[in-house]
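Common to both upcoming complexes is chain A, partnered first by chain B, then by chain C.
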Partner chain A sequence: MSVLTSTAAERRPARIDFSRPILYGFAAILIVLIVLPLSWLLLYSVTDRAGSLTVENFIRLFSESAFLDPLITTFIIATSSSFLCCAVAAPMGWLVARTDLPMSHVIRALVTASFVTPPFLGAIAWELLAAPNSGLLNKIYRVVTGAPQDEHLFNIYSLTGIIFVISCYTFPYVFVLVANALDRTPGELEDASSILGGKRWYTARRITIPLVLPALIAGALIAFLQAMTLFGSPAILALPAGFHTMTTKIWSLFQYPPKPELAAAASLPLLVLTIILLRAEHMILGRRGYSVVGGKYGTPRLIPLGRGRWPAFALCILVLLNPVFLPYAALLNAAFAPVASHFLTFSTFTLHNIEFVLFELSATKLALRNTVILGTATATIGLLIALVIAYVTARKAVTGHRLLGFLATAPVAIPGIVLGVGLFLSYTRPPFVLYGTLWILLIAFLTISLPSAYQQLQAAFRNIHPELEDASRILGATRLQSLRQITAPLLRTSVIATWCFIFVGVMRELSAAIILFTSETKVISVLIYDLNESGDLGAISVIGIAMLLITFAVVIMVNRIPGFGVTSVRLRT
Partner chain B sequence: MHCKQFSRRNILKGTAALTFSAVAVRVAAAPAAQAVTPALIEAARKEGKLAWYTVMDLPVAEKMAKAFEAKYPGIAVRVERSGSERNFQRIAQEYASNIHAVDVINSADAAHFIVWKRDGWLAPYVPEEVARHYPAEHRDPDGCFATSRVWLSSLGYNTNLVKPEDAPKSFADLLDPKWIGKMVKGHPAYSGTIMTATFQTARDLGWGYFEKLAQQKIMQVQSSTDPPKKLALGERAVMADGNDYNLVQLKESGRPVEVVYPTEGTPLIVGPNGIFKAAPNPNAARLFHSWLLSLEMQQFLIDFTGQHSTHELVKEKPGRTPLSKIKLMKDDPAGVEAASEEIKARYSKIFRI
Partner chain C sequence: MASVELQNLTKRYGPLAVVDDVSLRIEHGSLVCLLGPSGCGKTTTLRLIAGFVEPTEGNIRVGDRLVSSPALTLPPEQRKMSMIFQSYALWPHMTVTENVIYGLKLRKLDRDTIRKKLDAILTTTKLKELAERYPGELSGGQQQRVALARALIVEPETLLLDEPLSNLDANLREEMRFEVRRLHDAYRYTTVYVTHDQSEAMTTADLICVMNAGKIEQAGTPEDIYDRPRSEFVARFIGSSNVIKGKNLDDAHISFAGARLRVTGAKLAAGGETAVSIRQHDIRLSKTAPQQKDNVVPATVVRQVFLGGSRDYMVEVADGTQLRAVTGAGEAIAQGSAVFLHLPAEHCRALTG
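On to the complex of A and B.
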């Protein structure tokens, strides 16, 4: 079957006139999007201020402790977060996918909630909860145990604190991969093992674990990358503790007097490491095909937990307290309490912060407007580009479609802050002076959201068999007509979902925006970061809650669309 | 190939240019003082908006913006608040990319006005009240800026966490091991207040003081508005630097904080206000500048924000410590201008951040 359709598809392009212009046009767009910033980045990293070639930047990078320490810190944070995420997400993924855990859809929804919570907002909420002296949890601890004023249970301004907070908002990546892999694992293989006398643990060790291992390792790599390239959480928690990570160091190099050449050089290790790890992920996941050889299986059989059902559920909720319940409660408390570190009571309840944000804070309106404009524009344009490229590659409509597919996925390997530095270097000079306009942010957000949009739509196209289009064309429709009448209606849900998730992704983007914004192109995430630097926690809580409400409205809208699994989408920060 | 204002050679050239322009400017007379005329108000209303880059505590700045909008309806003020050093970098970057967004600038680092004036970025404009009521040392002889407010970078403590008799009285007291892990301070690469205070403290007490302070495991925040807020939250017991006026406001609203003016002298911060030559809303900018320096608003700054004014007609608010009763360190914008890069580099080396 597949052989037949692919030859049919390959025979067609010869007759299509517009295929070449499309290929060249889109390849050109993608090359400008990706290659231009990376070229400037490379060039800057090997030049000095006078513009002559030098390796001085790299010598400084790898000899001065001001750069080496953040590099080591980043490595420790990324490795530990990755382990922690796997340790939490793998058992949870198994419970949700393979056991009769009660209310597993609730658990999935809560994981989605932690997934879409902006990590920088989570970090600020955790400041409110676990700052050593004013943190609400530490206050409770002191009241309960009668410990003296200067004793504390948690200190969020520490290496462990940062690892914990990063893991809170990174573990969903691992969870999704593991749960999806387990959903796909055929139960018959486990049954066969049991029938042949394998004990439960033996079956797990020889069948289940090897089948999920590739997904788990891929999840570990993704978690590592996320933790390594995150900007907001370390900037909020590591700087007060007195140390830098690579991302905060790169950002600090833009303070006056700016040192763009050092920032470029410092960005390269992140870029190289990301590419290496993504190659590794690809190699590992590339092998997963063996698990589905042999046609279609029934849905996996759920393992009864017996009396352990509710304790297991409680355990999951206990884990989800950390990314969802506690931080949201802390934000709500800070939004309505007169002092962010005081517990809200009926007598102290105040709308002061809401009034301030709505009626006094003059940046709110502008930032909100910019965010909505950018979200809408990025989602719409990104969707169109992804749609065309996904169609071309899924239907192999143009020779050279592989190149387009590669280019559309390539930005995955560019961490947000690195892209920010590259775009800054590219568009602050003639002929394209886009700095100071929303265009530069649009380009950044488009580049960042393209890979996941493309992958999602490509998968959607694969699910629609070309036979349907072929039938339409045999009956006399042109290619565009059959696209409009046959393919488009079938794709509608995926298209809407992709649009919404690009939009949500734009709302929580901070690491590229922090390099690229100007006073008139500020977005909500940057505004929140600004407010954190001046210590205005009440205002942050109000804006943060508003941001979460918009995000959830969008996510719920997507969930209403039948047949779409929210958790299959990858968001980046 | 790199942007012009980043190169060291250009900075040196600029310094040379300062010497010459200072001579050239002496010849020209200071511009005539300008009253707020109905024509100016009308022209400002036509522009309908202005962008005020400021470093004042955000709620204070927004409150002032609302007061301006109430007095001159139809002119919207957009407050662009960040640290002085951030704003300095932002404006340099925006101007390098030909973006002229800023109308009025208010900074905590008076040294920045030396640089902007030297680069020819500031528009001379002398409001009538400035010419009449401001002492000569608080207005630029060429009319490019005038002191809009004065405040201090003080010490302070949370009265729930520290008894008055145990509270530090001096910078030297902060080096006591009992304060390890209990202090919070701002960052000179973000805040002009902290930059100015670091310059004065290092000049008077030596860098050795900061080297010892760095051993005390301080909590490093960015803005000089943040240490007072961290005290009010109860997150840290003592602040090693930060705005005294935030503490005054917090104390007067019933929060458990207290200001300490250290016995060695308190760093004095002078915050000028000026208009940019390339301001997109020049008339609104002039109106705002005149209004901010008027007696009405200067008295507002004293009464409601706990800062000080150099307007000769303002009255100190009863119950506050008058500036004359506080031992002050001497401010020196030119000194800060010359040393700012070194201060940032040295600070980040000592505090490793």
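On to the complex of A and C.
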């Protein structure tokens, strides 16, 4: 017997030898990407300069007003923008999904546009619009009312200004969640209530709202999370106003003289809160009682708005003025006007800014080169990693595939700036001195883009029924042949889309890059931030518009792929 | 009395008439089936009756109340109807009890009455043990019964059912068919039942309306529809019929594959062709020529299958038409043999519709 079993084992060694290394190899990659920086972060936060254990960092964090104030500010900003987002996005989501609102697809497209606008670019555009002296809206106000030069209507450099701008680019998260929940809630559930005698408002109160509430709460949590972990907008708007949020405080701890142990300690609350909020979101959305049951459902009956149709549409457009029309107009104005804060006229139209960006600004070439290199490398490597892990988890090809899936989605819970701090701490010391090279940025971008790439590809694999591969194999194709001839062609569009999404994501990433860049490894987003510091708003507008055009091209292309809409994808900043 | 009357009911979406000039009177307490293939307009008709859809032309009366017309449509919540949806439309955030008593609460009944009625309906639908479960935790059959309980507990004047059994497996479907009929007999409301399954219609309905392309092709009792189909569509849809075509000889005879067939049904026009339906089990097969000459057609056996209780033959006549015949299991005629088909005149129905 023993002889027989050993020959049987010898006959098929390839299978065992093949899958184990894959598992270990990829687990190792993911651990380097995730576990290493977080471990250093943890270690630093509980040690002092000399390297001995201490809780001094946390005591300072929660007692000194230099840290406590940003903590409170961040909490105020996150809470208020979360409320504001819900207040605006929930009614809009309902209007678009459940009523006969005219041109609702236009509204959806415009929300998508604000979704993909990098928040830091939006913040800069709002500087152009509502800075107290030079802001275009304030200038109009002064012209219209004849108010003196030192008076202003809006001041974007304020707590309310920050809350407003952050909400502009965060409300799409709530909108998408609510609108999707309504899209998925069958109209028959409401019909069933009305045939039993429920009037419209009663039905809304007892059926529709309770069904959508989990999505709304989840949206509120995500909005809170976004507002809390954002770096660009507060850095652009809060620093001139003279106060800090947690993210800008962490960043300032890396300015001379650097205090990495305090930065590490300050990062931990962000990390812990993010994990808690994401768990809460998962629980709320995953509650069993709320999954819709039964078979075929018809399309919902749209609620007629009657005379309110066009006013409702106007209201939506009015809301969308803030994240889309006004900022885009300000950027266009700044790009072609000689002075960013002056109104463009026919006589002042100039291409000077474009010339300046393309030929004079020496930093552009370097930043552009770095961004293209990093974007291409991240997209390609990230795609390959995500592809293998998605295949392994979707087909359950290897034991332990769950662990891989978990590790691949884990970076969702690491805010960009926290990851930046962790990577800084990990790779400024031997044996891996990567700080100052593009490698450290590559690692950061890979980690950040992995979760959404993995989720997209996993969904794509799930759409391809395993029996399609089985059918090929029963006809005599090997596993690899089946992959090449059946799965690969079916997956092609998803793969291209994922690649583009990673590339665009890299282009927009600021909060990790701001910690990790050096003068030789600047990328476009950091360049924009620098130009903002030096006041070159015209140049920013040119670069920003180019960024937006590339992003829109990718989004439009991806939206053409069935079942792959941008709504299912989370862009990170 | 809550009879339901549809008068010249039409619903157009653009140029397409989904429901096309339908007139029908449903007496109080009767169960009417709208039967037809998907896309025939039966569900739209039901949703018109419910008030979810407004008619383009025509009107709907319940009793002597006008509830739907192009000018004015009473909203569904004011129609005193109940409906069981194809998807059941159970509210996932409410327990079985909460789902069921929803309509009673809307009617502002007191707690004791609600409890009594709930008790009664849960017993009838065998849901007692599941009262505190959520719909997501129930099987398909249980969900269907909750939908039934929720619709019946309000004691509607009119009950509408939209393919209520189509999501169930075969055994359960058969059981629930009788359940639907039993509950209808117990409560005696006016019921409109939409289905594409003819045996479901046969077992439940007092009156079957076969619908096709937005029109009612034929309305009648199950026996009527089965034994006396008026059109080729009805004959084919109800199933197990052969439809053959022949030249008219006079007002009651056609020529088919060289033989002379006497047919029943409407009188035939002189000249022209007529389609004739004959059920598979009404055809008689014999190896030797029967005595009478009329209605006998020579044929060849193309295949035969033993089905246990019966035999299923496929035969071909001289002009190449193939017919199916179901006979007793006893007589086995080998493939390729010559046979004589006897098509009894009383079962050959001329289809004039």
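Odds and ends about this structure:
Everything that follows uses one rule, which is that the second predicted complex is superposed on the first by the 547 of 573 C-alpha atoms of A that agree within 3 Å, B and C clash if a C-alpha of one lies under 4 Å from a C-alpha of the other, contacts with A are read in each partner's own complex, and residues count from 1 in each chain.
Here is the rule we go by: a residue touches a chain if its C-beta (ideal position, glycine included) is under 8 Å from a C-beta of that chain, and two chains touch if they have at least 3 such contacts.
For clarity, every value in this text was computed on a predicted model and none was experimentally measured.
Contacts of A:Pro210 after superposition: chain C is touched, whereas chain B is not reached. Applying the stated contact rule after C-alpha superposition, one finds that A:Pro186 touches chain C and leaves chain B untouched. Within the superposed three-chain model, A:Gly197 lies in touch with chain C and out of touch with chain B [touch as defined at top]. In the superposition on chain A, contact of A:Thr79 is made with neither chain B nor chain C.
Once the two complexes are laid over each other on the shared chain, residue contacts for A:Thr350 go to neither chain B nor chain C.
Contacts of A:Thr99 after superposition on the shared chain: neither chain B nor chain C is touched.
Legend: residue contacts after superposition of the two complexes on their common chain; A:Thr47 is shown touching chain B, with no touch to chain C. In the superposition on chain A, A:Leu366 makes contact with chain B only, while chain C stays out of contact range. Counting residues of chain A touched by each partner, chain B versus chain C, the larger count belongs to B. Look at A:Thr376: by the touch rule set out above, it reaches neither chain B nor chain C.
When the two complexes are superposed on chain A, none of the residues of chain A touches both chain B and chain C. If you check the complex, the residues on chain A that touch chain B are 47, 49-51, 66, 69, 131-134, 149-150, 157, 239-244, 252, 254-258, 260-261, 339-341, 356, 360-363, 366, 428-429, 433, 435-436, 518-520, 530-531, 533-537, 539. Within the complex, the chain A residues that touch chain C are 186, 188-189, 191-199, 202, 206-207, 210-211, 288-297, 301. Contacts from chain C toward chain A in the complex involve residues 50-52, 75-83, 85-93, 102-103, 106-107, 134-138, 143, 150-151, 154, 160, 166-167.
Residue ranges of chain B in contact with chain A, taken from their complex: 1-3, 6-8, 51, 53, 57-59, 62-63, 65-66, 76-83, 85-86, 88-90, 92-94, 96-99, 101-102, 161, 182, 189-190, 217-223, 225-226, 229-230, 232-237, 255, 341, 344, 348-349, 351-353.
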